[in-house]
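The same subunit A turns up in both complexes below, where it pairs with subunit B and then with subunit C.
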Partner chain A sequence: MPVRAPEPSSGDIHDLEPQQFLEEVHSFEFWFQAVEGYLSGLTWGHRPDTPDEPLVPADRERLISVLCNYCVGETAALEGSSGLIAIAPNRLSKIFLSTQVADEGRHLEVFVRRLRDLGVADPEAEIERRASRSLLLFKRRLLELVASKDWEAAIFAQNVILESLEFVVFTSHAEDADPVTAEVLKAVIKDERRHIGFGENELGRRLADSPHSRARIAQIRKELDHLVLDTLEETSGNIGLDRSEHDRLGRVYLESVERLGLLR
Partner chain B sequence: MTKPVQSDTTSTEDERARQRFILEDTGFDEVPKKYRKFYRKWKATGDALAPNEVICPVCKVVIRSSRELRPGDRVYCMPCMSRLIVVRTDAGTLEAHVAY
Partner chain C sequence: MADFLSAYSIQRWLESCPQGYLVNTEYGHETGEEEPELLYSNEVIHEDAIRTTVQLVVGERCALAASSGLINAAPDEASKRFLATQTLDEARHVEVFTQRLYDLGVRKDELTDVINRYANPNLVKFAEILLEKVDKKDFIAGVVGQNIVLEGLAFSVFEMMHAMNADMNAKFAHTLSGTIADERRHVGFGENRIGSLIKTHPEKKSEVERMQKDMSYFMLATFADGFRNNETAAELDRIGEGRAHADFHGKDLGVMSPEEMEGLLADTVLKEFKVRLERVGIEYQTPSRP
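Up next is the complex of A and B:
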């Protein structure tokens, strides 16, 4: 029987025992009630009555390129997280990843829909045409790690590196996007919190138990870092970030890597 | 809003009594309803942390407790599923560190 999270006698959630907390937050029930809170009433990721302001042609072009690459990232995460379920080491991770698969599928769907709203007749072809080479290489490497059943490396690549990149980029982009895109991004960001947290905590626990793995994961970070930073550079340019904001995003991206002791 | 209500006099003798807080829903919608009052968004400019609050270093959400927080306390960030320990920084402020 799963351990359900009881109300602590103090009434404070922080008094839960660690295992009770983990059972609660990795459950499908928790996920369902969480997403219901912010997706209810949305259509294709935004409120139906949000005005879709026309963009000037250059801005529209840049937004299409950005969304195409968001679709590449989300496809990588969708394929990666679904593949990871089979090699997840325990029930809680398998159930959590099943919720992540649903999240990633929704993200891909709303970004493709946004492309159609912007007048892209064949989103699949446009995604292929505009995909960043660095991001495609990253996706290929991620799926190789999943296929090789390397749980730690694949979780690191997907839920630490890729999700952290998406979290910082989406957060920054949402601040300055048109109203519809901003709403779509803000709902996606709420899902990304769970994904980055799962990755960092799962990997953190495993590195604490087997510190010898740290050098191996650090090597994978070195291999993937330039692909991520190249992608960040390209996306930053397309969403119009200045150099200081781009540098700030780079630092934020590295925070989780640093907390895990993988910067060296 | 966070409202201080009373002091907890069950603390150990060498501890100043902790303030207690009644937590209200701040509109944070990323966790199930029953947990929402324990979290809020950081508003950046002009925002400040109350004695019962810390920022999650992983996802940047403000975590709230019904008690004044002290170094060594455990708090949970449900939005990103992190377990955290409260520490005091050199600057004297409280900060949460991830406990894997």
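Up next is the complex of A and C:
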């Protein structure tokens, strides 16, 4: 005779068994509850009544360059995470990645919208014109890893390296940005935190059991680090960070990658 | 094109879907709703509920693979962003129908076996035709196959199932109504986006028409397997349980035989295909009947 499924668990998710924990945090339901909290009431990533202070021309120009490169990064993340769904090893990872796809699409949309607010008439053309060469190279390499169906390498490039880079840059930028850009960035950062968590968890479990994979991923890291650090340098300049802050961001990025035990 | 795509932005999706018709839902239905007792207590009806739900999971997995795969083939950024929302919609559908299998008593460690056991081979072939186009990054064929053929099929099937369950199983009917709202948006995007692309790529028409004919055949074969081997109606009669007198396109589903229901559903879906395909400039191809 058929039996009923057990009642869903309640309480703190960190008390759950490892598999059940993954079932929870990789689900649409979890994403749904999370974004409901911080996207509710926002339009194009910010509160509609947040004052959009006029920027002096030089600051506006720099912000446009920064946002164009954020769009390149988010397009890479959108195309990367959507491609990863096809090669994800299980249903839970596919569902998590679909939430990430929608997040990345949203980020791209809010940054493009911000460019329009700043008076950019054709954002797609402007993005192409101002895109950083090292970021474009990174994007190309990421999509090659996805196309080659190399799950570990692609998830490393996407959810550890790219997301860590975005996390440190956005966090730093949000501290000094104009009020609208700061709000847009703060909501994006909350998503990035979830994406990094998935990457570290997924990869951490795999690397712990496989010295061969660790060596292979370390090699990929070596290849990508200089592209990331070049991008970081360029973006830091556009955001207007001083040298010590730029160096600090570089260290934060390297530390976040090294949490996986991938030393340079 | 830009104006029509602005109606498919992520902002609009957030407002209408997660912050709209999905508010206060849990796995697509209201908190606390349960499947009717008969689905647990009667072996024949229970197995049929699992078999039917497995087909929904298989269809939605195909839609998830197709919509995510089409993002990288999309020719413009706004289409990529719409497909990002569709990807998440499809993953949600996979999740809510998978959860229904769990609610029906399928254990997590037997999910794969249950899906392999009950998945209809004709539905799998239907999915393979579409995914082959997606693998080749063929955006036009992929969007027609996904957003007009597959979504059009899902839309009518879900509507029929919703009609049958509205009075008998509020939990499942609520789950279906959220997915129907999503499918309506997906079909709308497909029609709007493909019309302009077909005009600029008329050489694609014959290939797309062939794909529609092939997919339609396997869809009809899936219906034939599903209805002709269905024992639920006979079982309900045997145990003296009445069927819901639900209206679907002017017919009372409560008095129709499974074969008549198969014919009604097939005609409904094929008529919809014809109308939608003609709207985008593609000539509907009549499939052979299994």
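Criterion: the second predicted complex is superposed on the first by the 249 of 264 C-alpha atoms of A that agree within 3 Å, B and C clash if a C-alpha of one lies under 4 Å from a C-alpha of the other, contacts with A are read in each partner's own complex, and residues count from 1 in each chain.
Just so it is clear, a contact is a pair of C-beta atoms (placed from the backbone, for glycine too) under 8 Å apart; a residue touches a chain by one contact, two chains touch by 3 or more.
Because the structure is a prediction, the values reported are computed rather than measured.
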Quiz item: First (subunit B), second (subunit C), both or neither: which does A:R194 touch?
Solution: first
Quiz item: So, does A:S134 touch the first partner subunit B, the second partner subunit C, both, or neither?
Solution: neither
Quiz item: What is the contact status of A:Q158 with respect to subunit B (first) and subunit C (second): first, second, both, or neither?
Solution: neither
Quiz item: In the superposed arrangement, does A:T181 touch subunit B (first), subunit C (second), both or neither?
Solution: neither
Quiz item: Can A:S172 be said to touch subunit B (first), subunit C (second), both, or neither?
Solution: neither
Quiz item: Does the superposition put A:N69 against subunit B (first), subunit C (second), both, or neither?
Solution: neither
Quiz item: Touching A:T235, do we find subunit B (first), subunit C (second), both, or neither?
Solution: neither
Practice problem: Kindly classify A:I95 by the partners it touches after superposition: subunit B alone (first), subunit C alone (second), both, or neither? | Solution: second
Quiz item: Which subunit A residues qualify as touching subunit C in the complex?
Solution: 1-5, 23, 27-29, 32, 35-36, 39-40, 43-44, 75, 78-79, 82-83, 85-86, 91, 94-95, 97-99, 101-102, 104-106, 108-109, 112, 124, 143
Practice problem: Using the touch rule from the top, collect the residues of subunit B that touch subunit A in their complex. | Solution: 29-33, 35-36, 38, 57-59, 61, 65-67, 73-83, 98, 100
Quiz item: Tell me, which parts of subunit C touch subunit A in their complex?
Solution: 9-11, 14, 18-19, 22, 26-27, 39-41, 43, 46, 64-65, 68-69, 71-72, 76-77, 80-81, 83-85, 87-88, 90-92, 94-95, 98, 102-108
Self-check item: Residues of subunit A touching subunit B in the complex
Solution: 10-14, 16, 18, 21-22, 24-26, 30, 33-34, 37-38, 167, 190, 193-194, 196-198, 200-201, 204-205, 207-208, 255-256, 259
